[in-house]
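All chains are identified by letter, namely A, B, C and D, in their written order; residue positions are counted from 1 within each chain.
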C-alpha cells in the first residue's frame, strides 16, 4: 500500500518512528514481541543472579551485585514502558510470560552453581547482550531506541564488573581458578546461543532488518562476540572449551565450533535445566503478590471516592 | 464416698489402677492433664533439637540426634496412647495444645542457638526429665507407669549422649569450650525450673502425691538434680552460673540460688522466647497435613465401601 | 569489648542482616517497582554496613576488615536486633519489618548526625537522607495497605502482631547506650523511644492498624542471643568465606 | 577419579542428601507416625552414607574420613542425583521423592547384594532390608494418597509431574557404570531401569496417577552439576565444620 511505501521510506531515510505514527501491523507485532522478550529477559534475569546476592563473598561484591540486579529490574521497567507505547499493557505481557506464550532469553534457564557463574554471566552474558543491544540504539522505533541508549550505558558497567570477578578468581587460589574455568566451560556455549540460530535458520531476520529493527545478522554478531571474548579469556589464562577454535588470518577473525542447536531448541521449548523453576518463581511472585496489588488499588479507590458516597 | 475410700486403699496398697477400673473424676482429670502435658512436651521437644539435625557437625552426631528425636516422637506416641485409655483422643489433645489450653514443658520455649545447646539439652534437660520420670515408673496408673518404664530406659541414653557432646566440646578448641560454657549458662536456670515452682507454691502437688501420681516434691527432685549435675559440670571443667552455689556438708547436698520465677511464670503464660514459634510450627504441621490425613481416610473409606455401592 | 565498638557493631549488624533479608526479595516481589525498591534498600543497607564496620574495625584496632566482621564472626558475636532477622513470611511481614526498623532508624540517624564523634557524625550525615527516604516509602505503604482491602489490612495486622514484640529489642538499652549518650556519641535512648512511639502511633492509626497489647518483649539480639533464624542466615551468608578460608574475591 | 570411588560417592551422596531433606521434616510432619517414619528413614540413610563413604575413602586411600567427604567437599564434587536434592515443597513432594528413589534403590541394593566386591556386597546385604521396608512404606502411601481424596490425588499428581523428569538422573549411565558392570561390582544399568519402570508403572497405575509425558530430562547431578537448591543444602549442612576448621566434635 501507499502507507507501507511511505513508512518504508521513513525508515530508509533514518527517521524514527514514534508511537503516534502510523505503522504496519507486522512492525508493531514484531516490536511488541521483541521488546516484550527483552523486558521479560531482564525480569527473569534477576533470578539466576539474585540467587547469589545473599552469598556474595564480600560486602563490596554484594553491593555491586545488588546494584546490578536493581539495574536489570529498571531495564525491565523501561522496556515494558516502551512496549506499552505500542498498545499492550504490562499485565498483558506478564500474563503472556507466565502462560509460556512469550519467551525470554534462554540463557537464564541455566543454573548459577558457583560464585564464578556470577562473574561469567557478567563477562559473557552481558557481553553478548551488549553486542546485541548496541545496534538497537539505532532501532527505527523511537521509544525502543531511547530505552536501549540508557540500557547500554549500564550494561557495559555490568560486563566490566563480571570480568573483574573473573580476574579476582584467576588471580586467587587454585580452587578459585578452577571455579572460574568451570564457569567458562558451562557458560561459553549458551552465550554463543544468545545470538540466535544461524542466519540460514533464522525466521524473522530479513523483514526485521528491512524495518530497521535489526541491524546485524545473528552470525555477524556471534563472530564479533567470539573475536572480542577469546583474547579476554586468554588474558585471564582460561581455556575456551572449543577444540575447533583457531585464528583465521584471512578473515581476520576466529573460526569456531557450532553450538549444540538441539540443546538450544530444547531450552527454547521449555526443556532447559531451569525453565520450570524460573517460570514457577515468577508465577509465585505474581500469585503471592496479588493481595498487595489489590490492597493498593482498594486504597486508591477509597481516596478517589467522592465524599458523598461515604 | 465408699468408692473413693476403696480407691485410695488400692493406691495405698500399691495396686495399679487400670483403664477399666473405677476412678475419681479428679484422678482421671489430673492424669489426663499430666500425661497430655508430658506427651506434648515430647512432640514440641522435637523442634529445638530438630533445628540442629541438618547442621550436626559429623555423620555420627547427626545419626545420634536423628535417633533421639525419633525416640521423642515415639515417647509422644506411647503417652498419647496411655492418655487415650482415660477417654480422650489424640486429636482432642492436639487441639488443646494448639489452642494454648494444654501446656508443655516450658524448657522447649528456649531457642537452640549453637551445637553446644544440643549437648546441654541432652545433659541437663534430659537429666532433669529423668529425675522427674524415674519415680513415675511407680505411678499408680498402670498404662502411664508402663509407658514411663519404656521411656526412662531410652532417656538415660539421651542424657549420656548429651554429656558426650559436652565432653567433646570441652576437650576441643577454645571456641568449642566457650560454646559449651555459653550453653550451660543459658540452660542451667531453665533446667532447674523444669521441676516446677517451689513446694510452697505448687498447686497440684499434695493431692497428686496422695493418689500416687507423684512420688516426690518439686524441691526434693530439684535438689537431687543439682547434687547430681554440679560434679558433672566440675568434671567437664565448666562453671555453673550460680554465685550462691556451695556444698553444704550438713545436709549432704548443695545450697543453690533461686531461679527467676517471674521468668518462669512469663514463659508458662506464653511469653517465653519461643512460645509463639513452637506453637506456630505445630499449627503449621497440623494445617499443612490436613490433606494427608483426609486423603488416607478417603482411601480407607473407598476400601471398606461395599462392592454394591461402587 | 569496647563500648564504642559494640555500638558500631550493633548498628552495622542491623544494617547487614536487614540487608540480607531485603535482598532475598530480588526477583520475587509483587511488582517490579518493589523489586527495584527492595534492591535499592538492600544496597543502602549494605553501604551502611560497610561504614559502620569501618568505624568498628578502626576503633578495635586489631586489623580486622569490614569483611572479616561480616563473614568471620560466629552467631553469638552478632549484635543486631531480633527484628531484622525475622523471616520473609510474606511481603507484608517484609514491609512491616522495614517500617518498624525505619521508624527507629531515622530518629537515630538524625541524632547521630549531631554526634560528638566525627566518624559517626559523618556517617550519619551521609546516610540520613536515604534512611529518610526509606521511612517515607515504608510509611506510605503501611498506610495504603493497612487501609486498603480487607485482605491487605489483615495481612498487615498479622505482620504487626507478629513483629511488634521484637521492637523491644530495637529500643532496649544497656550500659553501652548510657556510655554512648554520656559521651555525646549517640542520643539518649529515651529520645529515640519517644520519636519511635510518636511515629508508630500516628502512622499505624492512619493505617487503621492496632498495636497489639502484649506483655511479650523479645530481646537479646543486642547481646548476641538470637532467634533460631539467625544461624541459617549466617550459614548461607558466610558459606563462601568459610569454605575457602583466606581467599580473596 | 577412580571409577569405584566415583561409584561409591554417588551412592553415598544420594543417601546423605536425601537424608538431609528427610530430616527437615522432624517435628513438622502431618501425623506423629510420619515424624517417626521420616526420622527413621533419615537415620537409615545417614547410616548408609557412612558405609558408602567408608568404602570410598578406603579405596581412595588419601586418608580422608567419611566426615571429610560429607563436610569438606564443595558442591561441584557432590555426585548425587538431582532428584534427592529437590525441596520439601509439601509432604506430597517428600513422599513422591522418596518413593521414586526407593523404586530405584531397592533393585539396585538387591543386585549389589550379589556384587563381586566384598565390601559392596556386605554393605548391600546389610542395608537391603531397610531399603525394602522404605519402598514398601512409600509405595503404600503413594497408592493410598493417589487413590485418596480429590485433593490428595491432585497433590500427588503435581508432585509426580514435578519430580518425574529428575528420575532421568537416577537412571543415567556413563562409563563409570559400564566399568562397574563389567567388573561385576554393580548391576548392568538396563536391569535397574527395567525394574524401576516395572515398579513405577504398576504402582502409579494403582495410585491412579499418570506418568507425565514430557521430553524434559533433568540430569547432571552425577557429574556434580546440580540444581540451585544444592548450594543451600551444603551451606547449612557444612556450616559448623567450615566455621571451625579442624575441630573435633
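To be clear about the criterion, a residue touches a chain if its C-beta (ideal position, glycine included) is under 8 Å from a C-beta of that chain, and two chains touch if they have at least 3 such contacts.
Here's who's who by UniProt: C, D = Ring-1,2-phenylacetyl-CoA epoxidase subunit PaaC.
Here the structure is a predicted model, which is why all the values come from computation and not from measurement.
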{"item": "Chains touching both subunit B and subunit D", "value": "C"}
{"item": "Touching both subunit A and subunit C (chains)", "value": "D"}
{"item": "Centre-of-Cα separation between subunit D and subunit A, whole angstrom", "value": "37"}
{"item": "Distance from the mean Cα position of subunit D to that of subunit C, given in whole angstrom", "value": "41"}
{"item": "Interchain centroid distance [CA atoms averaged], subunit A/subunit B, Å", "value": "57"}
{"item": "Shared-contact residues (touching 2 or more other chains) in subunit C", "value": "74, 231, 235-236, 239"}
{"item": "Where subunit B touches two or more other chains at once, by residue number", "value": "55, 175"}
{"item": "Pairwise touch network: line, ring, star, complete, or other", "value": "other"}
{"item": "Set of all touching chain pairs, with the criterion as stated earlier", "value": "A-C, A-D, B-C, B-D, C-D"}
{"item": "Subunit C residues touching subunit B - in the complex, by the definition given at the top", "value": "74-76, 162, 214-218, 220, 225-228, 230-231, 235"}
{"item": "Contacting residues of subunit A [partner subunit D, same complex]", "value": "48, 51, 55, 111-114, 175, 182, 186, 266, 269-271, 273-274, 276-277"}
{"item": "Subunit D residues touching subunit C - in the complex, by the definition given at the top", "value": "74, 231-232, 234-236, 238-239, 242-243, 245"}
{"item": "Touching residues on subunit A, where the partner in the complex is subunit C", "value": "43-44, 46-47, 49-50, 53-63, 66-67, 69-70, 73-74, 76-77, 80, 90, 115, 165, 168-169, 171-173, 175-176, 281-282, 284-286, 288-300, 302"}
{"item": "Residue ranges of subunit C touching subunit A (in the complex, touch as defined)", "value": "16, 19-20, 23-24, 26-36, 39-40, 42-43, 46-47, 49-50, 53, 66-67, 70-71, 90-92, 143-145, 147-149, 151-153, 155, 236-237, 239-241, 244, 246-249"}
